[in-house]
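Accompanying notes for the structure given below.
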Amino acid sequence: MTDDFEPKIIVLVCNWCTYTAADLAGTSRLAYPANIRIIRLMCTGMIDSKYILKAFLDGADGVFIGGCHPGDCHYINGNLKAKKRISGIRKIVEQFGFDPKRLRLRWIGASEGPEFQQNMTEFVESIKALGPTSVKDRMIL
Amino acid sequence: MKYKKPKIGVYICHCGMNIASKVDVESVVEFAGKLDHVAVAREYKFMCSSPGQQMIDNDIKKLGLNRVVVASCSPRMHELTFKKACEKAGINPHYFQMANIREQSSWVTRDPEEATAKAKDLVAAAVARVAFHRPLQSREVAVKKSILVIGGGIAGMQSALSAAESGYRVYLVEREPSIGGHMAKFDKTFPTLDCAACIMTPKMVAVDQHENIELLTYSEVVSIEGFIGNFKAKILKKPRYVNEDKCTGCGVCMEKCPARKIPSEFNERLTTRTAIYSPFPQAVPRTPVIDPEQCRVLAKNKRCGVCRKFCEAGAIDLEQKPRYLDIEVGAVIVATGFKAFDPTPLTNYGYGRFPEVYTSLEFERLNNATGPTSGKILMKNGQAPKKVAIIHCVGSRDVRYRKYCSRVCCMYSMKFAHLLREKTDAEVWEFYIDIRSPGKLYEEFYNRVQEEGVHLVRGRVAEVTDIPDNQEDFGRLTVIAENTLTRQAKRLLVDMVILSVGLEPAEGSKDVARLVGISTDGDGWMTELHAKLAPVATPVGGIFLAGCCQGPKDIPDTVAQAMAAAGEATSLLSKGTVSTKTEISYIDPDLCAGCQTCLQVCAYSAIQFDAGRCVSVVNDALCQGCGSCSVACPSGAAGVKHFTDKQVMEEMEAILIQECIYDR
Amino acid sequence: MKYGFFPGCSYNSAAGYRQSVDAINRLMEIDLIEIPDWNCCGATAFFSLDEFKALALTARLFALAQASGFREIVTVCNACYTTLRKANQILSSNPETVSRINKELSKEGLLMEGNFTVRHYLEVLYNDVPAEKWSKNLTEKFKNYKVACYYGCQLTRPWGDLDHMEQPTILDRFIERLGFLPVDHSARTICCGASHTVSYADECGLLVSRIIREVHAKGGHMITTLCPLCQFNLDSWQKNLTHPIPVPFFTQLAGLALGLNPTELGLNKLLVPINKVLSREL
Amino acid sequence: MTMYAILETNNNPSAAVRTILQKMLSEKIVDSVLVLSKTPYSSLPMPTLITDTEKMEQAEPLAPAAPFNAARQAASVLRYPTGGKKAVVLRPCEIRALIELAKLKQCVLDEAIIIGIDCLGRIENNIYLELAAQKEDISSAFYNDSALQNRITGICKACEHFRPEGADLTVCLLGTPVMEKIGLLAGTRAGENIIKSLGLSAVEQPVKRENAINELLKKRIEARDALFSETTEKIKDIEKFQKMIANCLNCYNCRTACPVCYCKECVFLTDVFVHEPEVLQRRAAKKGAVKLPADTTMFHMTRLAHMSHACVGCGQCSSVCPSSIPVADIFKTVSAKVQELYDYVPGRDISESIPYLVFEKESSDG
């Protein structure tokens, strides 16, 4: 892994908690690495396995998923459904050589701007440590 | 593309210097210009301003744009603004997409180059996505012309009255036997010192007698479902064991009830009540309730029935069962209020061990004409205190308990000081961290109290002990603190200590929040939609907040917010209709294999199975658009409009394929 | 039950402390194995003078305990208790200090490594000895004896994990189990002046007087302590009072409760005689 | 429920089973039987819905062939209740798939009499046809000749589910000299009643059966674990995996052949994966070249995401692959991991709900 490796990270967040937390991090000017790209969804329960697979196959080095804390889900339990599915996807991508650490699920509440910043920073660090995936220099398949 | 070929206009906002100071807007514009389907890319100082919106309007009309992307702040801030602008210019509002390059780039990225590159990615993503947007039409559905208010304190009462005045039906639900809440316990109110009862009791009566208000005391909301304008609520009426229609409120039952010695909640356990009781003389409704834990018949099934014997109206009904009431409302106002901080954990203040250490609420009762001492400020031994210490910020501004300022303690503490000076000849010492008196006539009141000879010591009290320095002072309390202004340690001998406890969210308010689907912040207060621009609304349409459930407030602020909530709710109702959500699920009958997995994951039972066609069907009135069904459906028959696989995956692909940074 | 035991300097001299502890151990089958060749723990003061030396002093104790196969050390003195705990906390988080110390210790063939558990004898009696074992052979006669439990500064502070820092009750619960009547009072954890009684007799007098007066005010017949120094300060200060309050060790109360006679518990060594209270019919 | 009866086979086990099936029809125990049967045009047996005892003569209930996984055909017969009973003669992997399909509301099992066969594996269709050219009764030959038995598909060799689970009746080929006698084992009350009404007398289950089963199980599990470790190695890097599937034509045969891929139309045929020219241009521009059709890796991994929890390892996907990609090896290996994670065994129990439908109420971070 080279020092100038700048990972590209897809962050899938729910509109109600983690996206709001990201906005809060913004309004509070809490800086974090520029490697992350946020995609806004209404709920983590909306995250299709295809999204995660596509992210990795199109060259993302990590996928971070942020949702509401259990019990706070705007849609009652979408976050818990998501957790169950994502564990399965993690298992699958792991079989194909993607370190399970590259797919992280965290609960970040609407008021947790600092937590968002911290999570982004930590995740980027951990992905840098892992280095690029071997998809990186391939054309999409 | 099944639809008209996209013609996209991209607009990059400087947001004054907020974006432009970090992001090289020009290069983003240049980049955007090269993207597929982009017909025009422009920049402007403030896109949200009317010239900014005009720019979009012109381009749509002149260049015939059919898609618009604005790269500026968070969609939570201005998405609606721009959607409206698009609609005004004649294209479907869903042909709009926003790239958040302020909160997500300029404000959180140190290196301008990286910030610019990130902005480009976000713009590319928005452009790629918007190309696949579809026009969505919403349906207008009628709004139920009634309002549910949860909580019968001053906030709930005021909301109910204001709403009822504008002619709408209001259901006011209060879990206690009487409305009134905390304010009913107060004697005077700061800073004007007008008597709480004098302004409270008429309001309570007004609520009770208003033809548009259905008062549901001793009741709780058990479930709320539906959506803005059309909520269905189930309300539990706990059995009073007294027939409200028959009861005359004469009170004989309470005199005769043999089960006495039950600490009175209303009097902060300073007095006792009977098993059949009405919390306080001015309670509304007057109808008492029987405490099932204490009643000899109900709790211990002994033979008693004294109340039944003495009730001439024959109103006692020990057979009464819980009743459930189903109501339909267009809006809900949450006004669940607060609870006072319990100082027991701060053992160094000796609350619970020393009889003469009181919480502020206890003192309110002690000082109240309807209280245990009928308004005379007396110690447990019947004497008037000679020296009283008031300790501020108990539980508040304390990292171990509540880090926030409870806003009202300074003022009510000084009110106490004033009342003590007025009613007794006691010397009053206040120990504070800072005096916070921001409010009309508040600072003046602070000055007045100082002039009345109240001693104010800046310093947090270390300990309250009953060990005096001199033998002869046993039985009195010693307050140990440092006067941080004179830098002197102080050991003050007093007769009475008042702990100015802070405010916490009311018992069970988290449950209510979940009931209506809104979130609470770290301290448990309910979160409003926007701290400044929408302090009364919540992220859930049709749910509004009033009073302390949203954060500590004094009475004036509470009443103001209560009226605001009523205003918001009534304006929603008077509009008459709401448009259904457009961003909801659909199920393509041609693809649906009828496996009904979606039915099982839907948290809103918004999907039915059409056995005839053997496919699942979405009920667009119930669907909230969470997408659980779309994920559960392998064939992609189910999907969420405006969050289709195509749209999300194109957005993602643009980021990963068109990537600008890190390929350098 | 077998424990490594650190008696501390004042254990033998303290009025009947050793006798009573031995007696309890006998009856309750507790085996306190004295750490061989133990040294002073340095007490509270030494740390303020030279932390490294202070740590070395305690580290040696741990090393000795380790050598005789103990990772758990029981003390009978609050000062020893806190000092050892504090030292253990610092050492376990400063490996380099430990290695420096170990270099010194190695000269006498000692080595100290890892974490140690420091416990007060009271914990052993209250937590390890099953309640039934006490209740079996108790005498009823003390149920009206009002005892004020004095904990001193150092049992619960600074950790507050053994019991509440300001209002501990573990000793009250213990003597209640023994059949005495604990009195509620506010002097549980206020300072007795500790070793300063020597240098600042008058000031410490004030401190002690507050404790004694408080117990008087709350109607206590005796004050029980679990620290030799506290016991001495409270006991010795009362000589010219008209109504002094005897200050037995909690172990001596335990002995009485188990029916042992005062002299075999060394109660005769108290400065404020206890027999007056004991002979009184309550 | 372990009622066990003996069927004399005198050198023709298939005939013995046919007789039973015929009896079930004539006795009106069932209205129809779905069973493998020769067609007038080919000796490769196809799932056939039979009501006429005469036609039953063509049936090949024990043929070591499975032109495709017949669960889908069984499901279409059982789509919804029509009154009466229907017997379906299936291999274990077909039964397990059928149960999964029932969970997915693709059929209702109330009217089904599931008759399972001890499965010694299936032979690929082309090989089967070769053999058919030489031998009259392949079934008998197969059960006699271990060399023949060795020609079953690799995935069958690694299959630990050779005993029918959840069948009403099991035709037991293990533990008895097949040419003399085979067993009929009831797995449910319904099965017992049938044995009774067929006038068969219940006897002790031969001890030999248990031994035979354990012996085979041991062999199969060894083979399976070998397959797993080999495949894991092959795919443990996405690049390696992509090499493996380099010849994939995106013909989607594998998903068509898959019994648990129940979608009317695969999402990969919908516009989600039908790309606009601009998108393809963009992709090409990224690295200067893009292979078409796109999304090949995506397809296989998505299919895993959709059905790996339900994969019964029947191996049909491999059999139908024109590029001879060992799809089944990959799917069986990955699925094992997923099924282990969810502690889920497809077809184990109809009342066991699909993993994604049960989720904890409170939860910590993922």
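Labels A, B, C and D are assigned to the chains in the order they are written; within every chain, residues are numbered from 1.
Heads up, the rule we're going with is that a residue touches a chain if its C-beta (ideal position, glycine included) is under 8 Å from a C-beta of that chain, and two chains touch if they have at least 3 such contacts.
Note that the structure is predicted; figures quoted are calculated from it, not measured.
Colleague: Look at the interfaces B-D and A-D and say which one is made up of more C-beta pairs in contact.
Modeller: Comparing B-D with A-D, the pair joined by more C-beta contacts is A-D.
Colleague: Could you give the separation in Å between the centres of chain B and chain D, each centre being the mean of its C-alpha atoms?
Modeller: Each chain reduced to its C-alpha mean, chain B and chain D end up 57 Å apart.
Colleague: Could you tell me the distance, in whole angstrom, between the mean C-alpha positions of chain A and chain D?
Modeller: Result: the chain centres lie 38 Å from each other.
Colleague: On a C-alpha centroid basis, what's the spacing between chain C and chain D, in Å?
Modeller: So the centre of chain C lies 76 Å away from the centre of chain D.
Colleague: From the mean C-alpha coordinate of chain A to that of chain B, what's the distance rounded to whole Å?
Modeller: 30
Colleague: Could you check chain D for residues that touch two or more other chains and list them?
Modeller: 267, 272, 283, 286, 306, 356, in rising order.
Colleague: Scan chain B for residues touching two or more other chains and write them down.
Modeller: 601, 645, 649, 653, 657
Colleague: Write out all the pairs of touching chains, ordered by chain label.
Modeller: A-B, A-D, B-C, B-D
Colleague: For the complex, give me every residue of chain B touching chain A.
Modeller: Those residues of chain B that touch chain A are 74-76, 100, 102-105, 107-111, 114-115, 117-118, 121-122, 125, 514, 517, 519-522, 527, 539-540, 583, 601, 603-604, 624-628, 630-631, 640, 643, 645, 648-649, 651-653, 655-657, 659, 661-662.
Colleague: Considering only the defined contacts, which chain D positions touch chain B in the complex?
Modeller: 104-106, 262-267, 270-272, 276, 278-279, 282-283, 286, 306-307, 354, 356-357
Colleague: What residues on chain A touch chain B, complex-wise?
Modeller: On the chain A side, the touching residues are 6-8, 10, 16-17, 19-20, 22-23, 25-27, 29-32, 34-35, 37-43, 45-51, 54-55, 58-60, 68, 71-72, 74-78, 81-82, 85, 109-112, 117, 140.
Colleague: Along chain C, where are the residues that touch chain B in the complex?
Modeller: Interface residues on the chain C side: 164, 166-167, 184, 186-187, 190, 210, 213-214, 217.
Colleague: Where on chain B does chain D make contact in their complex?
Modeller: Per the touch definition, chain B meets chain D at residues 1-2, 36-37, 590-597, 600-601, 632, 634-637, 644-646, 649-650, 653-654, 657-658.
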